[in-house]
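Each of the next two complexes has subunit A plus one more chain, namely subunit B in the first and subunit C in the second.
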Partner chain A sequence: MHIMEGFLPWQWCLLWWIVALPCLIFGIYRLKKVLGTDPEALPLLGVTGGFIFILSSLKLPSVTGSCSHPTGTGLSAVSFGPWITAVVCAIVLLFQSLFLAHGGLSVLGANIVSMGIVGPFFGYAIYQALRNTSVNLYITVFLATALSDMFTYVTTSLELALAYPAEIGGIGSSFILFMGIFAVTQVPLAIVEGIVLALVFKYIITLKPDILIRLKIFSEEKINATRSDA
Partner chain B sequence: MVHKYTLEILSVIAIIAFCVLFLYTSSTMSGAEFSGSDTVGSGLIAELSGIPEENFSPLIPQWVPPSGEIEACLFALQAAVGGIFVGGVFGYWIGQKKNA
Partner chain C sequence: MFEEFLEDIAQKNGLRGVNTYLKLATGLGAIILCLLSTSYFSPLFIALILTGSILVLARVDAKTYAGLFIVPFWFALFSVAGIILVSGGQEVFWRWDPFSWLSLSITRESINFGFLVFCRVMGGMSAMCFIALTTPMTDIFIVLRQCRIPEVVIDLAMIIYRTIFIIVDQVKQIYNAQVMRLGYSTFLESIHSFASMCGAVFIASWDAGEDLIRAMNARCYDGKFALLGETRPVEYLPLFAVMVFLSLSSLVVILSKDMTII
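Let's turn to the complex of A and B:
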């Protein structure tokens, strides 16, 4: 999902930086607040953030004959919401810009918006929609994770389509072209990522259910129901 | 949960299916290079803008890993840091649970 350094006109770089910065500042504010109210939130942040580090470094082959990487943002989006997730993603993306030439400092804003903000926001939205329904908790986590991943790549496609409209068909047709590269490649990765992170969530529930209840990530009844089933 | 290990089983199936899919794609698709989608995307940018790909240069000067080996090393480092976080916290939680 990285837009490579130099491949986005400076006006767009600036626009995405302007979108990303307030989100990051709000994310840091939220992060301080959460960590201040509950010291046990820090280990949970370590696990959910750790998976962003791990999964975003794995470049996996896919059906389109090219490789792409999962984002790993789903667990963090469910546990802490998109703003805090954006802060963790910014750290990972900064590392990749500085040392790996994946993305770059000028396009970092655009990459934070896709991987850190819009993707996790969609994951968070589906989690919010389902958390108080009878839908199984793991299916909720699966959907939130898979959608965070998918929408990251849809956003990258949109960012590029806006900057590079096709001569015939404009933004719409270049959006479809970019989706063909980014989003199609991502479908199998998003499904596998969703299942694996749902499994990780199961282990978090087994080991540390109280933190999920205290942070009101899922209701106590729902978590206890899952535990007695398992 | 219908079964105690439903999620474990599903994960294993998903990962195996993913590998099979890869073997199938790589053996049937001619010209599949498995380069990064970032690179393929940049190719499309060049096509749409009419500017040759080599004419794009970084807006902000950038350090590029001198070889694939060094890049792999740094990616492994990133994953290792994540692994330390995850493993460390799970260990901490297991310890807490034992003491409780």
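Let's turn to the complex of A and C:
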């Protein structure tokens, strides 16, 4: 979900930029390290970025100055971790502003925090918690991507509520109001995104499992076990 | 949605030859002025001037430009309605308290504030569209490199830029093939078709990306993309026009600071 250009007051635009910048700087540091050891990861990063661009361009209206869409960031968080995802997302969000007039430049910091930092962090945490357990690989991917998507929306609702608190009840009321509106459109979308990305993983495991093994997303044993189950 | 990117329009717009820094100063300056505005008038003034420049100077098709505003217009309209209902004020026209923690009201102050936010969105969108429709991404890459953004970020941005076009081409082809085979006939079929399309596109794009890296390695790629582009000179007339626009807009922001709609 992208907040539109001009929607947030300048103080909030500045604050979210200040929050996003240290994460981006650390992400660039991690990116340099990954590309230093494995330069061939660059095409996958490009594909992941392109994927996030396409998925998060499929926008549906919601009634809070923003829009609902799949985020696709769970895929990047699972493949490269949340820090590099923040950098990929920042680039994708910039492209979306300039290619599709989707999102904005002053609100880029706020959009990076919600879609590039908080959402992927939650997705990555779920993935880390479940990857070495007996939980099915597809369920792990489903939960990581769906929750990554949902937490993106929770964060955007919080950003909107902080900028525009209600007169009575303040930020809390405003947050509940924004969340209530988003939940209607976003919960089904998050579930669909989780199912779609789990099926994408199924497809990759069937046709080209070496991608997942090389990136150490899942262990070879787990992938082989999943393939033999199918 | 992907029939025509703004990038395609930017590549052949009437302001293509103007110095990139001047165009960015115009767009970013306008965004900052819209954000600093405390009255509805200045963002509308900025939107009007920039829309005129986009249509007349950049020669962008009016229908295409208007199409960019349909979605933001409705989003802004609904969101402003929400802000008007919750932000409250002194002079109350209508009030309803559905819960103890939520009060909905329409006041003079909330209408003025809501209209200001609406105009700021319209002004900000026109400023962003000005950059998007007049400045191709390749020019922005050159500016990013001159601003000493880390090479690794620019290289990644360029790879993503290239991949987007590969993916869009493949999505179009696969989607059409699936539709012809009744791929999206039911909801479940749609999810399955969409997922298999994403998987196929992912693998095909990965292969295309690896081919690109192999081709570049064969041409002595050392981890840094060559970026060819000329820095266009700053001409006096565009410089003068940008200075007049930003000065006039700043003056309007200051003079109209207390202006309200009701």
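Quick note on the criterion: the second predicted complex is superposed on the first by the 208 of 230 C-alpha atoms of A that agree within 3 Å, B and C clash if a C-alpha of one lies under 4 Å from a C-alpha of the other, contacts with A are read in each partner's own complex, and residues count from 1 in each chain.
In this section, a residue touches a chain if its C-beta (ideal position, glycine included) is under 8 Å from a C-beta of that chain, and two chains touch if they have at least 3 such contacts.
All values derive from a computational prediction rather than experimental measurement.
With both structures placed on the common chain, the touch criterion links A:226 to subunit B but leaves subunit C unconnected. In the overlay built on the shared chain, the residue A:106 is in contact with subunit B and with subunit C. When both complexes are overlaid on chain A, the residue A:196 reaches subunit B and subunit C alike. Legend: residue contacts after superposition of the two complexes on their common chain; A:91 is shown touching subunit C, with no touch to subunit B. Judged by the touch definition given at the top, the superposed model places A:31 against subunit C, while subunit B stays out of reach. By the touch criterion stated above, A:166 is placed in contact with subunit B and with subunit C alike. By the touch criterion defined above, A:47 reaches both subunit B and subunit C.
When both complexes are overlaid on chain A, the residue A:10 reaches subunit B and subunit C alike. Contacts of A:57 after superposition: both subunit B and subunit C are touched.
Where the contact sets of subunit A with subunit B and with subunit C meet, they give residues 4-7, 10, 13, 43-44, 46-47, 49-51, 53-55, 57-59, 61, 63-67, 92, 95, 97-101, 104-106, 164, 166-167, 174, 177, 181, 192, 195-196, 199, 202-203, 207-208. Those residues of subunit A that touch subunit C in the complex are listed here as 4-7, 9-10, 13, 28, 31-32, 35, 39-40, 42-47, 49-51, 53-55, 57-59, 61, 63-67, 87-88, 91-92, 94-95, 97-101, 104-106, 164, 166-169, 172-174, 176-177, 181, 192, 195-197, 199-200, 202-204, 207-208, 211.
The touching residues of subunit A, when paired with subunit B in their complex, are 1-7, 10, 13, 43-44, 46-47, 49-68, 92, 95-102, 104-106, 138, 156, 160, 164-167, 174, 177-178, 181-182, 185, 188, 191-192, 195-196, 198-199, 202-203, 207-208, 226, 229-230. Contacts from subunit B toward subunit A in the complex involve residues 1, 4, 7-8, 10-11, 14-15, 18, 21-22, 25-26, 29, 31-42, 44-45, 48-49, 56-60, 62-65, 71, 74-76, 78-79, 81-86, 88-90, 92-94, 96-97.
Those residues of subunit C that touch subunit A in the complex are listed here as 1-2, 5-7, 27-28, 31-32, 34-36, 43, 68, 71-72, 74-76, 78-83, 86-89, 97, 101-103, 105, 117, 120-125, 127-129, 131-132, 135, 137, 140, 150, 152-153, 155-157, 159-164, 166-168, 171, 191-192, 194-196, 198-203, 205-206, 208-210, 212-213, 223.
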